[in-house]
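Take a look at the structure below.
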Amino acid sequence: MAIAREAEPVGSLTEVKEFGLDREDLLGIYRHLLTTRGIEERGHILYKQGKIPGSFYTGRGNEAAAVGVATAMGPDDVGTPLHRDMGVHIVRGVEPWRIFAQYMGRADGPTKGKDGNVHMADDRLGLIAMVSHLPAMLPVAVGCALAFRIREEKRVAVGWFGEGASARGDTHEAMNMAAVRRLPVVFVCDNNQWAYSTPTHLEYACEHVADRAKAYGFEGVVVDGTDVLAVHREAKRAIEKAREGGGPTLVECLTLRMEGHAVHDDAFYVPKEMFEEWAKRDPLESYRSWLRENADFTDEEEDEIRAEVKKLLNDAIKRADESPLPEVSTLLDGVFATPEDLDTPHHK
Amino acid sequence: MAIAREAEPVGSLTEVKEFGLDREDLLGIYRHLLTTRGIEERGHILYKQGKIPGSFYTGRGNEAAAVGVATAMGPDDVGTPLHRDMGVHIVRGVEPWRIFAQYMGRADGPTKGKDGNVHMADDRLGLIAMVSHLPAMLPVAVGCALAFRIREEKRVAVGWFGEGASARGDTHEAMNMAAVRRLPVVFVCDNNQWAYSTPTHLEYACEHVADRAKAYGFEGVVVDGTDVLAVHREAKRAIEKAREGGGPTLVECLTLRMEGHAVHDDAFYVPKEMFEEWAKRDPLESYRSWLRENADFTDEEEDEIRAEVKKLLNDAIKRADESPLPEVSTLLDGVFATPEDLDTPHHK
Amino acid sequence: MAEKTYLQAISDGLRQEMRRDKRVYVIGEDVGVYGGAFKVTHGFQEEFGPWRVIDAPLSETAIVGSCTGAAIMGMRPVAEMQFADFVSCAWDHLVTVAAKQRYRAGTAVPIVVRCPSGGGFSGGPFHSQNPESSFAHIPGLKVVCPATPEDAKGLLVTAIEDPNPVLYFEHKHLYRRIKADVPEDRYATPFGEARIHREGDDVTVVTWGAMVYTAAEAADKVESEGISTEIVDLRTIVPWDRKAVLASVEKTSKVIVLHEDTHTGGFGAEIAATIAEEAFEHLDAPVKRITAPDSPVPFSPPLEKAFIPQVEDVVAGLQEVAGY
Amino acid sequence: MAEKTYLQAISDGLRQEMRRDKRVYVIGEDVGVYGGAFKVTHGFQEEFGPWRVIDAPLSETAIVGSCTGAAIMGMRPVAEMQFADFVSCAWDHLVTVAAKQRYRAGTAVPIVVRCPSGGGFSGGPFHSQNPESSFAHIPGLKVVCPATPEDAKGLLVTAIEDPNPVLYFEHKHLYRRIKADVPEDRYATPFGEARIHREGDDVTVVTWGAMVYTAAEAADKVESEGISTEIVDLRTIVPWDRKAVLASVEKTSKVIVLHEDTHTGGFGAEIAATIAEEAFEHLDAPVKRITAPDSPVPFSPPLEKAFIPQVEDVVAGLQEVAGY
């Protein structure tokens, strides 16, 4: 039996306008979705071409969840997105070429070749780079919220985690501390139904991850993670509630991980029907249909956005490929921070 | 709003008989309660006399919770009691003189002077010695239950934790794994309303710790921890449910820690009225009244038990005091186990 | 005897133990249906069922902590960390409960934690670490680092038999790269007995894990220059074979300690300090340590290559020490 | 200048920083209303309010992990572990996130984790440990172990100023036992600069924390035998002052490394290995380590006394080394 609220799908343009999105925003969301998927598709190709060392992960199927939440954040809000949340980096404005440079281990990636994959973030854009250990960034997100609370700033922190990572102690400590102190933090669960090869019933035995929220003393809501507008609406509600002192919310975005855990994994353990069913609910396709049915989205507009994104990505790959590999002399740079590292807007 | 079930107090002798306690058992419980309190009271005196090194903790106010649960365990069940659960050791049959020897750091204490306080257990009695780090023994209890499940034995593990320790990740990982695998484990929360100086509302923001259970997918129940029979009944239900394959239960025993966190702490931060209110609900006194009102408990019987316990404790202190301090030559004994250490009933 | 990869040797050794002893079970993330991230337990769940090959939730503390409970109840658990790096999430349990329970309370904790460790394939800061030194400092834990397929199997058997918590570091870079003959029968390779990987007279290299091969390649290279290198593969770090190391040092009088983990406070420091203390009179040159530098493991290939000790680094070290 | 206990110096230093810099706040179990288990933050909540002196839930990962987030948002958090032993519960966060964030992502993490450490009062296995060596092995963390009241204050100030995660180990056995003059004004004692606690010519003792006093007592005792002891108090372990140590060794040619933590893989190994490597030509005797043996910290007084290095042990060591 579910404890959490189960969110309704989004209806008409009128409803969407009510929660503050105008047509420009709606087209922007489409652009973000396309860019997000495009980056990961291109990355996948680059990987196959041998241009990306190590492994390679994507968030296929999770684009709407990531973009929906990120577009609900305010400019001064901060977040700790994970490995399925490329869309968050895109919405916050990371330049795609730097992401490709990151993938390829180049000097101009946000981590300068020190880390790989989507283990990166630009903290000037309000994002904090993830670590592999899941969900170690949740206590960090809570700490951001604590800073906002101490300074009485109307800012919100967003912390992401997967349904698999919900099993770890860090999830619990973070949510509990946030609850006790009613901190302005929103927990977003990317529930893509698999943790590597592990299905949800081996990760948790309640109906929804969001059912946990109530047992911490805050609200939980489950939303269709393929419905970018529904995600946006629920994230917005949660973020604004947090901003106004209403404490944390857990927003669970239900999707399916549409590929293997990483490139090497063919996901043989996922039932075919599951993929088939969820393929019908492709977040980009669903949103495109919605735009056409509700917002007079025209062929011209679509072509224009597609062309724009295509060019963006082509240029990005080219520019990234021109970025050099890091100099060996940089190997020990930054093991320790220097006082100048504190000379950033957020550190003050 | 509570999610967990709130248990009723125990009524008449008839009800008690229904859940399997005969009059002999009832007197046994009284004896256990007296012994438990007696050991800790005597320990306190020994401490003041300078005979106990280090610090000193008691479970005053928690005797009924500990004894109530322990008497509901079967002989082959196992448990990981904590620092307020002396009653569990008593019920399982640890000889009091060995406990005093432990307190005093003597060679005959269960840890042979290697550890102090109630950081001890006799594993031949189905108990596993606690560590300080709270609640690090919960995953261990879950592991015992896992062993029982793998071997398809009808045995149950009981894991204790405090309401303060409920905030730690170990609590979460243990409960979640137990839930997912429906393991035969019962989680007992000694909720004495304070974690050192920290009140419950700074440890959790739901109504009851037991509210968590449902969000893991099992049952939670809150019981008056000063009512030994109610505790026993709820523990028994939970244990037998687990034994029959019904999975875990969280039993929360609500009490008040009637002293400071440890001897050095005068508990100035606990409102006086709180102590006064709960003093009226002293678990020994309540149970004595119940026995008189419901089970024809006579003065003679009471005197006899008291005298017996007194003698037991006097003899125990004497014997413990005759136990030598450990030889320095034993300093490095047992850092590593030897194959003979596996020659125990439980290790096979 | 059949030729097997290092990975196959681990897998076969584990399967053999599970067939032999019903108390042995495996628990970890994705070890069942998937057969483990590196496929060490491929096919195990079919053979042993879901209660002896347990797909655990993503919770390292519950995985390792539950092993302790089950071990005390008489089982012989083998936990798999998906990568050695994630054992940091079970650190508290291992150092607080598992390591100390025997000393404090007399209760043995016979568990094995398998940790796929090491770098060399752009795994980045969290899929490349070698955390053996951290555990080697904690009294009560044993630490194993096999270098060869034969040892990988034999040390795993000993680890499962051992009545203590054992951290078993299997080096990912050896998994499929290293092949050698492995006896089919069961055998237990003792802890604390080093293996002379190569005999030599001029310089001793004390090492373990993947670095054994790096040392061997370097030794080949300097041989033509007339430097004869003895390579001591420790095989286990706790306990470690001081006797073998000191005997080799007595012979060569010059020694390099080589490891893939970072420098400061790495286990190489313990070895170097011990040699300096106990073989003081025998040393003709200072004990040299060749290790990774003090930084996280970088992702990008040129950086990672500069980070992990390379054959050239060992060659230079051998030349330097031999010429001292 | 007023005479202060070591504990008072920490408390006053922290209060001074909080008055000076609104970004500094304190978080931990029972640090508010209770003033901390050892009363270091006694009276702080009255002065700074409940949002700068935060009574946290019993969750070390959330305590330290949240410090990292708040630090990145511009705060200067000081977390208190109730005992250093419990920092094991925040190990993963410290080594995985805090230590590596600057290197990987360019994000500095200026946090301080105060850890009341050390034994000597029958605290048993979980209230007596000295976990500094474990952290010293992790690149990206700084590790501080003051021995004197003056340093306790000055190093705390530097720790709070430092742009990195700093583990600040305050030795419980010094809290009320050690008193000395402490300047009232604010001052920052630099990291990585050892203090010569006592000058001498024959043997160098490299140590830190409570062992400085054990060394000093031993030095007094052997003075009459004509052994002149130089005591180098490292003050900080990461970074550690190799220069000062090597200079002292160059002078005395004989050295003991002394620490309260256990032997194998303790930070003494790093120091001994470094000396053996870099002062090889200057040494007239092997570098001797005097440490706790490899076991958990026992509870019972005779065992604990045998475990922690005592004045007699150091006296014997000094005699042995001096007579080499």
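Read from first to last, the chains carry the letters A, B, C and D; within each, the first residue is number 1.
Simple rule for what comes next: a residue touches a chain if its C-beta (ideal position, glycine included) is under 8 Å from a C-beta of that chain, and two chains touch if they have at least 3 such contacts.
Please read these numbers as outputs of a predicted model, since none were measured by experiment.
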The pair out of A-D and B-D sharing more C-beta contacts is A-D
Maximum distance between Cα centroids and subunit A occurs for chain B
Distance in whole angstrom between the CA centres of subunit A and subunit D is 41
Chain centres from averaged Cα atoms put subunit C and subunit D apart, in whole Å, by 31
Dist(centroid_CA(subunit A), centroid_CA(subunit B)) in Å evaluates to 45
Subunit B and subunit D have mean C-alpha positions lying a whole-number Å distance apart equal to 37
Residues in subunit B with touches to at least two other chains are numbered 111, 114-115, 119, 131-133, 167-170, 173, 176-177, 180, 202-204, 335
Among subunit D residues, those touching two or more other chains are 56-57, 59, 61-62, 85, 88-89, 92, 96, 100, 103-104, 125-126, 139-140, 294-296
As the complex stands, subunit A meets subunit C at residues 53-55, 105-106, 111, 113-117, 119, 131-134, 164-169, 195-198, 202-204, 269, 325-328, 330-332, 335
Note: in the complex, subunit A contacts subunit B through residues 3, 167-173, 176-177, 179-180, 182, 201-206, 211-212, 214-218
The subunit C residues in contact with subunit B across the complex are 25, 51-52, 54, 56-57, 59, 61-75, 77, 92-93, 96-97, 100-110, 139-140, 142, 163-164
In the complex, subunit D touches subunit C at residues 85, 88-89, 91-92, 95-96, 99-100, 103-104, 125-126, 133-134, 136-140, 238, 262, 264-270, 272-278, 280, 283, 285-289, 294-296
Subunit C residues touching subunit A in their complex are 29-30, 33-34, 37, 55-62, 82-83, 85-86, 88-89, 121-127, 293-296, 298-303, 306-307
